[in-house]
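The same subunit A turns up in both complexes below, where it pairs with subunit B and then with subunit C.
Here is the complex of A and B:
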């Protein structure tokens, strides 16, 4: 019975083969296919530009009978709200945004939890004390990641210095490789990235003696070195749960922001390029975050301008984190405006 | 032996036939590509070309064709004037961005004032912005003899940096929780480039595109300036003898194409897009180059080519979601269109000679 099938659509900002952000969303889609089998039909469109093009693609999916549509990029926010208003019976799930409606939920992951583990390893591993960071866009999510990594690198290595390059793209192998090379030329022997391609990994491999971390996806093909660990986005459990909710008729609009604990953020295998004691500490940090025993933004912390942010033992609230637009004390440079 | 021999006169038949043959060759080669990807080629081609026009949901896709096609036509018309005269504006994408920023800037500065003259002022600012951005390569060329291809192209990247800066700074929505992107002009009635008739897709940009086609047609066939443009492209030396000033032509062609690209950007940012965002530009300025050539640099041809290009975009997205075709296959399909056109175009100026060499 074709009518009984639940149809789930996915709108992707990059190609499914990007090996990062979109790849992991598509892995989530494939998990839905595997979990539900014939009960669910999935469709997707890749490389969809943000703006009117995405609005058209979403409308097309809704017209074609989709029951649930995942829109997987921040820039799809207003288009998602527009289309959702026209199709009140279709459920929408927008990743990383803040606008909701009766039939629009939002979801995101606490990637900064993974950044804390990365920062710890990076601080311990660097010999030049210079850590390079490829930022995509200066938006709260990325700034949170930089702050979290810096705080935890500084904690284990007070001499550490961060050099940040803004690539102004989520996925552009050529630009990302250039950014990585610039950072390595400036003496960075650890390169962290908030962009989705494996190009920085390749650049680090070529330079030798530089370590990196997989972003969004495990990027295990670059293990054991340069890639020593990774942050893995694991959307599968969420996608399966939300699809199930639509099938059961229990779907409700909500905001989900999950981290390592519920399994939305995974820490990829830490390779043997990392000394055993550092690895053990990193795993302990991961477990402490997962259990909720430790929060990566715990005071005392000051803002870059020296003003107080969090008092001793105080933990950052989600509202501040969601809109984070300042560096913590010690980071150089300004957030581009 | 097979040789290409230059024709004494370009062949009119080939000139008009080449786009049609190119479309046909693209359909055949594309069909083959889809076949090797394990899809039914007939179904795939039908989905791309038929579904948006006559399919079940044509009521939605037809207006979308106007929305997608209008900026392409508007920009391509401007570019075609210069291309005819051998003046190469490759940076329409940058002029599109600056036009959008100037137009949206006027609106955001006035927010939340609802006055009737706001939208006309935005249109003016959009056109001026695009014009001014195109004047940079124009003046550098006429003053210092720089290459307008390089300068206009490089300015695209400068414009993109401006766009990023504006989305993150000056034009950022103060109620946007620190996220980049401006206020949504769709929610600002005086500034919104709304549909003139609801659900038709017909916004002011579509109207502007149609008017530009008529103007370009009249200019090229009835006006002295149009004659200057054509003669400069065909025979530059003859043009100078007949009193055409090459410098003034550079200023006019780059300025007009810049203004039209700026208008396209303004209509887009105030209408379908609604917002100044970091990724606002999606390549209309570059695709319009293909549209201009596919339309033989002729205003009516450009109108048709713009429609065809919009069709492959919209149909391509439908094919992706309904048939599971990868986006890359659709892009190859679109690329083939220009490739075949350029290949077949050779026969406009050359003919194939098979056999022994004739006496010259």
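Here is the complex of A and C:
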């Protein structure tokens, strides 16, 4: 049978208009459409709850003839593996997870590299020495970000303290705004977020003298302040390459984890609200990470309980980072299990 | 752990604001259900109100006009539900679910050019010297008009149901639509008005999220508040003051648990995160020991010939 169009499906955890995480995945999808034109057909389903509901959506996509399915949230991990087992001829790509199969690849970006740059700016700019952090779920990806930001904030400001609030949602603007307000009420003048909407930016703007960073997307509409920089996910090259591999028949299960160097993580423009010297340091840090000269998790580092983790000059291995479930020394509070 | 970081005054003030969207939507739904109509489209009407209100406020520069437009938008969308269930006699559950899906899609479409736009700020009501009273001033007298209207709305709905003839008729329609019809009351007309009232309240509740609490427009930004409002009506045994209590409990504990997390209190975060749901339900269930019943005709289709 002549193979006509290659069909590529995308499963999104939020709406494409969230202005953050899902928005950037959809930009990647649009890049695929533009690159391949009529040779490829894409479909997407947005607002898919993590868990059993996502399994139904993926199954439907596979039954509808999708050749390649990108499942773009951590909580789709087990559903992806389950559905993939039922459709051995369909290729699956799961974002930010760690379970693979013959027809399941995983891919993620080294967001923690961007968190290092944010931590540096945050540590330099905070006056109250309290940095608020809105977490989504206590999963390795989020914990890595907290650790990376904390290490680099602490490095430039030994008095810095992190207040962490778990929202238990990726996308709920009202709750995200509430979390930001609570942190600001408790003295934070920098708010970092690992949730997907721009609501914390709006809350910070309302409060006045607070700075924030765009998450997953540039969120430039809140520049130059509160948003002073951002982490931008760039999935387009990866999505195009993997679609091409399916068309060529060269697709293989693999694990991709790229950072600032290969361009999967971008640092959004650092605005003039940041003093020039801090901006220069942040850019130098970004470039050092991009070139591989510096790794954000370089020893000496201890775990929260005081036990040794990395010796002087040692860098963390990817296995430990991928499953990270501990705070580094100095952070307060426990990680919800 | 540093409990001193929590400011109880700010916490209480935030509670009132956090509860208002749920309060408005639930009060509207209460009237619809008292008339015997189960409208599961609250979430859809809220999000439609959120974008109608946001767009109008941005275009006119007046948040109050925005709220008016949100109420109109929510009521207009609810007319679709009224047509399906009261005229076409469609199933109420299915129609309500469809209304939510439709409202989410419609609002995303309407809102495309409003992403990233900053709305005009809703001014606080000027209470003069009252606002300067220590503690009490900050908690009660530094809010926007809609927050107070929400409380007035609950009081009015309570008085309407308890003391007015129209309120009695509304309840009669909800308890036994055949008997009400036999007495000469216009069941379909009364229900349509109740549905529109519910839609208007839900729309205003949605606009409270997009204009006051967040304030911005993001697709799907109500994120399930409509469902909480629906559940609240049931757990409040269809009583207005219990809806108020439930909304304040839910809003308050949500704020409190975020505050406790920020202060690093030694309670596992999972328990804190689920506490608003559990405590609200437990309190309202304990209160409803008086066996208040659902309106007897709730969710049933009415046709004059049957």
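One rule holds in what follows: the second predicted complex is superposed on the first by the 334 of 337 C-alpha atoms of A that agree within 3 Å, B and C clash if a C-alpha of one lies under 4 Å from a C-alpha of the other, contacts with A are read in each partner's own complex, and residues count from 1 in each chain.
Basically, a contact is a pair of C-beta atoms (placed from the backbone, for glycine too) under 8 Å apart; a residue touches a chain by one contact, two chains touch by 3 or more.
None of the values given here were measured: they were computed from a predicted structure.
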item	value
Combined model on subunit A: subunit C and subunit B, fit or clash	clash
First (subunit B), second (subunit C), both or neither touched by A:132	second
Touching partner for A:178 - first (subunit B), second (subunit C), both, neither	second
First (subunit B), second (subunit C), both or neither touched by A:336	both
Touching partner for A:76 - first (subunit B), second (subunit C), both, neither	neither
Partner chain in contact with A:186 - subunit B first, subunit C second, else both or neither	second
Partner chain(s) touched by A:43 [first = subunit B, second = subunit C, both, neither]	first
Partner chain in contact with A:168 - subunit B first, subunit C second, else both or neither	both
Partner chain in contact with A:15 - subunit B first, subunit C second, else both or neither	both
Clash-bearing segment of subunit C relative to subunit B, given 2-10, 56-64 or 272-280	272-280
Overlap of the subunit B and subunit C footprints on subunit A, listed as residue numbers	15-16, 47, 138, 168, 336-337
Subunit A to subunit B touching residues, read off their complex	9, 15-16, 43-53, 55-57, 59-61, 63-64, 74-75, 78, 82, 98, 137-140, 168, 322-325, 336-337
Touch list for subunit C against partner subunit A, complex	5-7, 10, 14, 18, 21, 104, 108, 111-112, 115-118, 209, 213-216, 218-225, 254-255, 258-259, 261-264, 268-270, 273
Residue ranges of subunit A in contact with subunit C within the complex	14-19, 47, 132, 138, 163-166, 168-169, 171-175, 177-179, 181-183, 185-187, 197-199, 202-203, 205-206, 221, 332-334, 336-337
For the subunit B and subunit A complex, residues of the former touching the latter	57, 60-61, 64, 67-68, 160-161, 164-165, 168-170, 177-181, 184, 186, 268, 272-275, 277-280, 282, 313-314, 317-318, 320-322, 324, 326-328, 331
